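Structures are listed in the sections that come next.
Each of the two complexes below includes chain A, the first together with chain B, the second together with chain C.
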Partner chain A sequence: MLRGVLGKTFRLVGYTIQYGCIAHCAFEYVGGVVMCSGPSMEPTIQNSDIVFAENLSRHFYGIQRGDIVIAKSPSDPKSNICKRVIGLEGDKILTSSPSDFFKSHNYVPTGHVWLEGDNLQNSTDSRYYGPIPYGLIRGRIFFKIWPLSDFGFLRDSPNGHRFSDD
Partner chain B sequence: MAQSQGWVRRYAKAFCKGFFVAVPVAVTFLDRVACVARVEGASMQPSLNPGGSQSSDVVLLNHWKVRNFEVQRGDIVSLVTMGHKNRYVKVPRGHIWVEGDHHGHSFDSNSFGPVSLGLLHAHATHILWPPERWQKLESVLPPERLPVQREEE
Partner chain C sequence: MIFSGSLATALKIECIVEQTYGQWWQSLHRTMLRGVLGKTFRLVGYTIQYGCIAHCAFEYVGGVVMCSGPSMEPTIQNSDIVFAENLSRHFYGIQRGDIVIAKSPSDPKSNICKRVIGLEGDKILTSSPSDFFKSHNYVPTGHVWLEGDNLQNSTDSRYYGPIPYGLIRGRIFFKIWPLSDFGFLRDSPNGHRFSDD
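This part shows the complex of A and B:
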């Protein structure tokens, strides 16, 4: 009786480890489903939207300007942030606000990217903590699954003016 | 005839089952628990690679210990590459690549890239003080930092 229970427990543990490892490999090297929270990417991604992220682009350095990415937060490595890539390494970024008379620019250093949320008024992003290393990027979000009313590929940035360097 | 066919199918089934168990488990173990790596270079002497190019240390990289990002001052850690696509850089014409002898503790071309020759200020040729360290500074290019490809003028 006890041997039967023990045997079943071991089999259960074995299957859990096996499927856990498959899940790790799938998310790490292919992609997965992600739930976003927070207002910083409105209107493109609302609070509690469920999106699909692919994690192949970052391994092949295929992340481009305008992509929405998931990255590890530079201030808290245990949490993730979801922002749009405004500039890649070497790009010139406008760092002054539109109301400033004198415009100031900064170049994105090698190995880094400049991220901004679509909701510029309510987003803590590279304008606050500076460019983040490319190595923190975990995946690229390209498809929304929920809510069904917004099902489909994600829109371009509503802030098109941020991309042109003067 | 039927028996040998059955043998092949059972083998293929067992192979697939083993493959799809072994590969994810091994990959997850190497990503999340621990892996080994050979240390290259002299930037961590004398703690690592004290023998130089004669014998490279092999170290255990313990992922499990940093799963909560807990490190102490003095720990030796490995870092994910900052995302540089190329380990090799071509120094443009009219520029030089400068490095401090103590890699990692040096704010040099590894951080700010090649430097224009127009910014060259001077060549440090001697140590003058303290008197017990009077010497001519030799021009030494560390063998592990030789250019990968020299431009033929």
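This part shows the complex of A and C:
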């Protein structure tokens, strides 16, 4: 009896590890479902929306300007942030606020990206902590699943003016 | 009558030919083609399965790494083979003095191998010894300050600043090759970098 129970336990553990590994690799290399929280991407992504993220673009270095990405937070490695890519390495970013008289620019360093939330008034992003290394990006959000009233591919940035050079 | 007779014979022959052909195709399908396809799918399935398990083992437990470059001499020479473990990173157990592998902040495709000099909140001496006035920097939250052991020949945080903790991939703690240097890795030869001024 004991040998039977032990054998069954080992088999169960073996199968769990096996399928756990496959599921993990699927989530990491293909994509998965993500729930976003916070107001920084309104109106594109509201609080508690459920979206679908794909991880292939990151591995093939295909992230482009205007993509919404999930990245590890640079100030807290345990949490993730969800912002839009405004600039890639080498781009010129306007860093002064519209009320400033003199405009100031910054160039995004190699290997970094400049992120901003769509809700510019209520978003802690690269305007606060600077450009983040590309290596922190985990995936690209491209499709909203919930709420069903907003089902479908995600809209372009409402802040189109941020992409133009001054 | 003869006409219908020969027609019936022709139809019968056609039937037999079709049956034979059908049987031949069926037997081919059943044995060879299906066998080859089935074997291919099984092979692909096993490859994916064990590939995923191996990947998870490397990512969550550890693996063998070959380091290149002079920035960690004398602790790690060029082309040394070391063993890296990835559990400390996931449990946020990286400490001062650990040698870590991290994604390079200036090139996401390559990795760097440096020692952790300071964690978040630490005060780092950033002026060179020849400066008259010492300047300090504090490591921001969620970042670490890395330096190579070979201070004269290392591009590290003194050049690109502190890097986010999220870039760290693993901790090197054991050298496998060359056998003359087999064993746990030495402490930093730059012990003075750890003390506050």
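As a convention for this text, the second predicted complex is superposed on the first by the 166 of 166 C-alpha atoms of A that agree within 3 Å, B and C clash if a C-alpha of one lies under 4 Å from a C-alpha of the other, contacts with A are read in each partner's own complex, and residues count from 1 in each chain.
In this section, a residue touches a chain if its C-beta (ideal position, glycine included) is under 8 Å from a C-beta of that chain, and two chains touch if they have at least 3 such contacts.
Bear in mind the structure is a predicted one, so any value in this text is a computation, not a measurement.
After superposition onto chain A, the partners chain B and chain C occupy overlapping space and clash. After overlaying the two complexes on the shared chain, residue contacts for A:Tyr61 are found with chain B and with chain C alike. When the shared chain is aligned, chain B and chain C each come close enough to touch A:His112. Number of chain A residues touched is higher for C, counting chain B against chain C. Contacts of A:Ser75 after superposition on the shared chain: chain C is touched, whereas chain B is not. Contact with both chain B and chain C is seen for A:Cys25 once the two complexes are overlaid on the shared chain.
In the superposition on chain A, A:Ile17 contacts both chain B and chain C. Overlaying the two complexes on chain A leaves one chain C stretch of 2-10, 20-28, 128-136 or 146-154 clashing with chain B, which is 146-154. The contact surfaces that chain B and chain C form on chain A in the two complexes overlap at residues 17-18, 20-22, 24-25, 61, 77-78, 110-112, 133-135.
In the complex of the two chains, the chain A residues touching chain C come out as 17-18, 20-22, 24-25, 61, 72-78, 109-112, 132-136.
Residues 48-49, 51-53, 55-56, 92, 103-109, 140-143, 163-167 of chain C touch chain A in their complex.
Contacts from chain B toward chain A in the complex involve residues 20-21, 23-25, 27-29, 31-32, 68-69, 80-85, 113. Partner chain B is touched in their complex by these residues of chain A: 17-18, 20-22, 24-25, 28, 61, 77-78, 110-112, 133-135, 137.
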